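The two complexes that follow have subunit A in common; it is paired with subunit B in the first and with subunit C in the second.
This part shows the complex of A and B:
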């Protein structure tokens, strides 16, 4: 019996008692064991032949994506100046079938991003139809080493400097890697964190590592597990084996699976799968389900062709962007007047038929305005920003692209006009109208003029350089020093730390009161502020570890059924973590593992006071997306 | 075996559990790998009256996931499947021999489990089984048809599970048992003076058997006083004694240590009543493949049967569980297999009031079987009877009663993982905690379980150090401390709201009752 036929039976919760049984009994003995047996024997083979392979993969492994969004300036890239506009002009991509065509037509764009696939040669059929557009960059050799280099050496994956793109080009590899692997490769099996998207008939749609087409057998096994449990009237959530966790998420005809040994809690991994699904919906809308209604064996891969970079960038953000588990967004610190100027002009535009106007710098919001009553969920913002930042083509030209905001309306496309003012700062204007490109272009020009005139863009660059809240600057005096406090946020700091300042730093981040880092999440605003990383947490690896610790703390505090807890103090070999959840805010703070409890508590109180003192500059006030 | 015929008749195959909400199976991955012979892999299934197709479906899923997870985690295959309505708990008892328990979750009721606690049930029943019957693999090798293994497993596990039986329901350890740790022994704290008496009793016992080693285990009520066995063997014998031999086990028919016995659940009263009256209907455990003729091929002893031990005039226990010595009407003395030495020993238990003394004599050291044992018993009594009653008297005098280990204001569990010893608040006191606190503790313990198991896989050379204090929604402090192989869990319900207060309370507890093991300085 083929797996496809088992799955199609299992897919419709057939009331007929006879057929599922026989399918089942065979699934028990055949379907589940056969592909698995194949895998097992394949594994043995690989194990016998592939000793060298195995060792090669040891260190280079990364659940961790070093790779962020495409930093590559490939030669293909510049060609499509107007493609997006044209694409938008095609208009009305409401039905998913049409999306297929539409993307086919706009394939140059996607193909271009695909060109960042460094490893696989065009011979691979993985992104059917676009193989010809895949370039191959010189980075293809020794991808395992690249992993290592990146893990160890990149200071700030989301390149902070103005020339971040150039920097990153040298060091991280965007898009999917290890395309040459499949489930028989020892190296593939040792990857710390896999993500799979497949259809309910077991067809692969996306795999973080390896070529989807070569993973068809593996994908069928995942499908078999899910439908086997489903046929028993249940739904599988996760499976644990040693350090590994296999997390399942079923979204109608779409199955998402994460296989991870990263020690992240189930709730966090499940949340990540939800975001993966959201990202897919953002690209295709939920109407893609209709394709599966018509044809359960529908092959979705062409629809997503070239979006590997979007997913890999999202996966990377799971380990470096707290927004992925806080369900909140963060703002670029700016003087109140500067932000007000930006808000004013966006508001102006929003009144002229724009649904949402968002000005962002990297993943931080500068200002955000929505038409009356329209509200933007932080997860939608995260997914939209990820989509824009990871697709290189948005950087090089003004673009008009159909997108769907899964939390806003998962069934319908909106249209996003995207324009980069500089390498970090971009404007997104969302509308429901497919022919609004020229109107939005006008809007953008008006906005640009105002931003330039009022120096907002240069203020943004300055804020980027200054960074946000530094724990070293935590006021010693518990009383608010309202005049001097905000200054560090809005005024340039001395270029480098003076010796005096350095000493102060040491006092703060070492010893019993050693505050290393904090995240403050405002419950009402749906916003958070995260302090800059101090010296003890300077490498990406350390930062990722801290984020993972926060993520775990978040999951523990918000445990379903019994949470939220009020306070948590947690000390292990790496940190002292303190969490404090109230109706108004949540504070997550990390201290030196030797920190003294009493001092840590005092410090937390001071942090809260500090945040309140500077909230005008770190938060977008009165603009909560939910409060209009 | 005429299972093959049944294969065609497979009916509703589903992971659905029975009304009791529990399924429990043991299967051997080395068996039944050819089509048509799948039933051969089933060594045990509860409830046994489920259709074979359902049994195979449960085992098929388990097998599939064991193979699947080995792709990524060859060193540790599937440990648990969490689904929305069920948890499937795995334990590889012996190489390729797996025990899987499927429990139904019911959020509205008490059916909220901690996976590790359930796995410890599997581990415990397997350890006890091996102690009496040897390994499952050895039974399978002795009789490759599997009938021998099955006929031993079915009644043994049935008898074991009957301790969890309330009415027709199995009540497994739930979140209400978060302040207990299965697989550990509970010790009696004795005065220095009493300790010296105990020590001299142990010496006397040791010297009784001449050259052959004689091991002993001494319990006062349900608490361990002394042991000369390895930690693993100590746990097994301690567990068995508390289940079937101690005064309380004898009088109630239910072990006091059992999760059902001491007022932690509202089903308590029924637990006591039902335990006697509720042996499983035979069809629940008798494997149907064994025709009456087949069943009788193997003489099966049932060491966990209730009410089968009685005290003789000399204070030694007698039972007919092990049948009669060949050609006589003298009950055969039970034997157990020691894990550490892999040696089979005669098990002789003696009880004087609250003091239970277990003697273990090597089979090889006794020549004439029951006759020899009888001589040995006499010798033991002659030498040790006086000391036994003296020790009993001393311990009774110093005994603080049921709530001896209660610490006012605290509800706690203290586990010494290196020595496999635990101490907890008395069950009656734990029962005063709110459901919210216990749920929060259950969750915290789950987190710690995970951390510990990861630390174990990381094998980083250093043991896990962890301190977690949570103020739950109901304002209770729920605290976990892990340090140098020791664990301490505390719930403070009527505590001040500050973290410092809670920490201070732990510090005081640690200094006073844990030799400062969890103190920060």
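This part shows the complex of A and C:
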């Protein structure tokens, strides 16, 4: 049976999972080896609260949990089925006691190692090792009467949601959706990726979908699970239930939970929860914990009032911004002289008592300067940029707002002066002094004058239009590199529309040797550069799928016990993925699925050379040191 | 703008009030003549400037439009310190915002700046059908606290300019001789508390 791999690593104290020949036999196998009353009642409550993550449609395609606007109310027909997960994905069923009352009993996998609950990690990240696939194969082998209903759900119209078709950056509408849902809604249960923040007393703080207040019962259930395990001196890391993975992160009195069937690795989801927590700290500082010391039942939602957009924008960026898993930032490509002009004026300002001066264009850094010894973590930059970009208020006028940089100092507020020069370009001046506004305003005027005088702002706009590195421009012959060097980024490309060129590109569709896309991360600079997306990966959905693939690759390359040099070559029906990690850089490249291995490796070498050739333009070099 | 020989008054003005009462909408109507049905919540505080010319003076407003969210309450002193005028806003269709407005007035009075020009603004007067706070109630409270009371609508622009003209006039009267010194330097030691709920 195809489920063996799942159950084999599950907990030692779990009963041998029966083959899922029938639901009955499964239900029969649910007996716990140790009596776990509270947990059982938690599970019971799960059932009562209608925690059924109905089998979300995988359809063999990438998930589109951002795109599934509306369209969900389609043929449903299993509202009454309370299922943790689909029947297919099964595992050692150790703790779902109350299955009898309608909890489908499919597959709550509980595992327990000595000090932490650790469950069923795929033995290898090979492309056949994911839970989802197991789940579906299990479904085909085992059962059962809901099969056709599952089929119905798979066919729900997903991709024609608002942002499924259009360009992701332009069309994604920030803000919370489906506020009318709660855990009893079928549509809510079918969401592919839920995020919850709750307090240690079980009070909801944030939920990606649905109204937090209506989810009080569900939050209490999550809290019960976490505290049950904690009472035993353990820590719950994640629970796998069929295709669903429930990942927990405990941060003092704040609990964060992600429930997802997107097949993302545990490490990635955990990293995302860490960022969610960081975003919360950025808004409130860690001193919010004191509220819970005084009153454990403290309700935190009013404190976060109006920040739904910030969190939903962050969650959206998990699938479209590689910075969320690379822990690096990216720069807007600019000619060296242009960037130096911007750095010089920011440096000037930083010397006058500004802690950090950051000039950004969308999520890309134009220049960045820190006061002496102050260094900015890329995650802090990501969270700060997300906060500023997602809050419409900053665009209205210049603002002065308290913010906290969680990696810099999670306990204290800094004060951020934020000003937009144009729709995309904004300046952030951070200071420790709460009455520095007028000084920062003066600084901004000085900076603005210099930027205008040296044409930096118009260069930024031009770079935005031109885009960054295009794989089609990868120098074919490594020798005449030096002659063509300045043209890669800032000058008009070779005539793409000339007939020969067109034929050529038809051959390899995008870049040479079938190269579609790459990300190069410089380890020392904590910066990365990502190529523009070519035609084969033009839709947001395809891009998201590629990012997910990179993310998986990243997670597998950064597992514990990795050597300093490592490569990975992997081919599936979507891509050939090649990853190369050295002390200096990490390269992630995606090729046409039919690409030749030797050629692909050669091409990666050329990409690295190309990046080195243009590093002056794509990276921020020699700025204040980023060490932490 | 400034008439020759006319005095110039630089005045810091702060808007306070619960979230969603229309502080930003008031300012945007006054400064830019704009109104947005779904104005996004303000983060921290937004800064605007506007100049009003009167017969007797030219008033340059530095306007601090503060965020109404609870998490920013304890930071308010940072914005109202040294203010020459304070506009406390509530929504006529929400009793809660009126209660919150009263608290703001109390807090401002505790600061003990007797020269502070204070206005109590009943915003969203276009929502008359769902009114929860009577005009008399608002007027009475304003009178008791030495404020002037005005009902406005940022949506229809009703009374918006009147509000700021009235403030400008009072400022001009209150500061007959000295230009541009609205005790900006008279700053009280800044409180270090992060949130009102932290103690």
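Just so we're on the same page, the second predicted complex is superposed on the first by the 424 of 628 C-alpha atoms of A that agree within 3 Å, B and C clash if a C-alpha of one lies under 4 Å from a C-alpha of the other, contacts with A are read in each partner's own complex, and residues count from 1 in each chain.
FYI, contacts are C-beta pairs under 8 Å (C-beta built on N, C-alpha and C of every residue); 3 or more make two chains touch, one makes a residue touch a chain.
What you see is a predicted model; the values in this text were computed from it and never measured.
Colleague: Does subunit B (first) or subunit C (second) touch A:304, or do both, or does neither?
Modeller: A:304: touches subunit C, not subunit B.
Colleague: So, does A:271 touch the first partner subunit B, the second partner subunit C, both, or neither?
Modeller: Neither partner.
Colleague: With both complexes overlaid on chain A, does A:400 touch subunit B (first), subunit C (second), both or neither?
Modeller: Only subunit C is touched by A:400; subunit B is not.
Colleague: Just to be sure I read the superposition right, which of the two partners does A:290 touch: subunit B = first, subunit C = second, or both, or neither?
Modeller: In the superposition, A:290 touches subunit C alone.
Colleague: Touching A:514, do we find subunit B (first), subunit C (second), both, or neither?
Modeller: A:514: touches no partner chain.
Colleague: So, does A:253 touch the first partner subunit B, the second partner subunit C, both, or neither?
Modeller: A:253 sits against neither subunit B nor subunit C.
Colleague: According to the contact criterion defined above, which of subunit B and subunit C contacts more residues of subunit A?
Modeller: B
Colleague: Can you list the residues on subunit A that touch subunit B in the complex?
Modeller: Its residues touching subunit B are 17, 20-22, 24-25, 27-29, 32-33, 36-37, 39-40, 43, 183, 189, 221, 224-225, 228-229, 231-244, 246, 259, 261, 263, 266, 556, 559, 561-573, 597-598, 601.
Colleague: Which positions of subunit A touch subunit C when the two form their complex?
Modeller: Per the touch definition, subunit A meets subunit C at residues 283-285, 287-288, 290-291, 294, 298, 302-306, 309, 387, 391-394, 396-403, 413, 416, 434-435, 437, 441.
Colleague: For a test of understanding, state which residues of subunit B touch subunit A in their complex under the given definition.
Modeller: Spelled out, the residues of subunit B in touch with subunit A are 7, 10-16, 35, 38, 53, 56-57, 59-61, 63-65, 67-73, 75-86, 107, 436, 439-440, 443, 447, 451, 453-454, 457-458, 462, 464-473, 475, 499-500, 503.
Colleague: Which subunit C residues qualify as touching subunit A in the complex?
Modeller: 19, 24, 28, 40-48, 65, 67, 69-72, 75, 78, 81, 187, 190, 194-195, 197-199
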